């Protein structure tokens, strides 16, 4: 990198003020400079169903990407803002999926009711189940969250409950493809920008405090367990919504909702996209999921592939794509003579 | 000296804590009266920090009780004790480095205690916390004009970090502040500006416990001093009396006695 | 009587599974989520060497163990040393590697019930009216032997003492001239070899299946959490507690509850005594 006699000089592009998210804008070019990336993101995602309107298969893939994106955002939120490493995102998917299946296929509630109820109920259940490991620091959360999807899968198989290995069939689908595509896209964008807002609000600062220094948070009279439970509630709610939506999309809830893909892909997407940015998690999923659809014929080799790419990113480029891109966008770089 | 008139705030009785076979605290008792500044001194490893940890709930004592105004707070969770109004600074400061200094105060300002007390001087409701935080920092010696409160915590020198730590306690509007070595690592001039702050807190009605190594400065502000050595309480009393105590001199034999007094 | 014998066998098996995990965690504070994958790796490797290369069984076992130790050392040097101290990266990297190994085997076609290792000795014997096959007795004998060997290794050899030093106080050990990265690599190597050893001892009792990778990881973690993370003695005692609990549930309730027992054990431990029933680590951590 550093070559003989010269070094890379970095200069801030100027309008960003050092503290917090305040910007001083004086004129259209600067406003454009700030809004342009956000606009590209939102417009790009919103236009995807239109672009793929003649390719139903890929339009379905867009929905799947959004589901993974929500999981990744939830993972990023827990890992990089609260300090909880969730190795079992598929648990949220499975919980949301099965709950909505019970509500919809067995009790006959319409999706408009069953999805929100499954979301909230799933979030409550996951928070309660994960509660024992929340007061503790360290790897306990990772351990327990890893175990839940595996154990639920085993239990459903062993007791042949909830449809056993066949799963629950006969869920209502969505009335048309536009409706399903735009519902999930809009919710994904709301989740993304909502969480971005949240982590910079006062509550979000407290959550970040829990990650950095939980002792000081305790000494400030705030219960660390409560904060973590709140964060887990939010994240698992997002995950359960994604799961509920997925099972309505497939009109089926089965054991494959607990599949490993749902656990490892969000981690890979977050690490590759850039942890701690939330947008990075979304972008990571938009790169990885279509790739994995293209590689579908390779079977489980896909999982091997993400795992290895993920490990490589952790070792060599742990900042991820998004952080790198942000730096390039906000700074000039040039070589200067030393 | 008229202690009968003052109300006891924190009463500690027979506090004992051991790690494995090592006793960090052996049957320590003391009473902290309202409005006092109690200094706790002792050589390294004499159990001062353990005592603080036991009082503020970060460690569970093996025996003994801690009362805060007639209420038994022994073994209560740290955040509950803090909510009652007993807060502490940490010897090892770990502010939220990636945030501007004033944002560090959002966390105590968000806490249920401050919200229940109705915020700070009418403010402290949502959105106002930033303003309140900057006000508190200004009070504690962050010059607003030089934008110090807006600087990232990672770019602040030790002196400011110690004040930030103190500000974090004050933001909670506490009744008792326990300071764990706020003077250590500071230059003489920084200490000189810190001492009036402590005195101001006392005048505002807060009760303080100060754990210190810097005896001279401590003896200037404290009106009672307690000496610990290897987990034992050796003596307690007025600073002038304690400093003349033979046993205290023995504990500090040689090094501290010459260096500091 | 049956419950007693099978309880002991199950407990020793759990101890064997958990030993590698607790060793690595105790020394380098890395939760090795690839532990289960290495268990399966050693099993399949032995099978491949035995059936495809046609080498004799003891040699196959030895080669498989050396390979898993080397794989562990490579993971440690290539990945873990670079991200030392970043807990999140360590967890994610080991988990991802474990998944990569397991799913790699699945992709290569190692599925179903066809992969078995032959027992060391065939046949069975009646002890106090309970039929027990020789392999299960071997599990107990070898398990105890491994435990004893490890105990002696950490008390008597120079390397073992260095590892214990690192486990107790990394910085102090580094000041005394112990290379902590090297020690972590050695620990990882030994830990992975132990996972492999557990595999070759236990797998002749059943089939080699990919899912075993996840189950072994969960059992190992359960034992370590109940015993106190990083505490070796605690892990052995905890494996007896969980081992008997599992055998009792299998005998009186339903066999499918084995995993649930492990999960419940973890949750109960975390609620009642998070540092584990025999670990002191949390207390040490809290000592500011």
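To keep things simple, chains are lettered A, B and C as they appear, and every chain counts its residues starting from 1.
Methods note: contacts are C-beta pairs under 8 Å (C-beta built on N, C-alpha and C of every residue); 3 or more make two chains touch, one makes a residue touch a chain.
In this text, all values refer to a predicted model and were calculated from it rather than measured experimentally.
In terms of Cα centroid distance from the overall Cα mean, chain A ranks first. Across the structure, the highest number of inter-chain C-beta contacts is found for A-C. Note: centroid distance subunit A to subunit B, computed from Cα atoms, is 42 Å. With centres defined as mean CA coordinates, subunit C is found 46 Å away from subunit B. Separating the centre of subunit A from that of subunit C, both taken as means of CA atoms, is a distance of 32 Å.
Multi-chain contact residues of subunit B (touching two or more other chains) are listed as 58, 90.
Of all residues in subunit C, none touches two or more other chains.
Across the complex, subunit C is touched by residues 79, 83, 85, 87, 132-133, 135-140, 142-144, 146-148, 150-151, 154-155, 158-159, 260, 264, 267-268, 271, 298-301, 303-304, 306-308, 310-311, 314-315, 318 of subunit A.
Residue ranges of subunit A in contact with subunit B, taken from their complex: 18-20, 202-203, 205-206, 208-209, 212-213, 215-224. Of all residues in subunit C, those touching subunit A in their complex are 31, 33, 78-79, 82-83, 87-89, 91-93, 95-97, 99-100, 103-104, 106-107, 214, 217-218, 221, 225, 229, 254, 256, 259-260, 262-263, 266-267, 270-271, 274, 285.
Those residues of subunit B whose C-beta lies close enough to touch subunit A in the complex are 56, 58, 77-80, 82-83, 87-88, 90, 94-100, 103, 106-114, 126, 129, 150-152, 168-169, 171-172.
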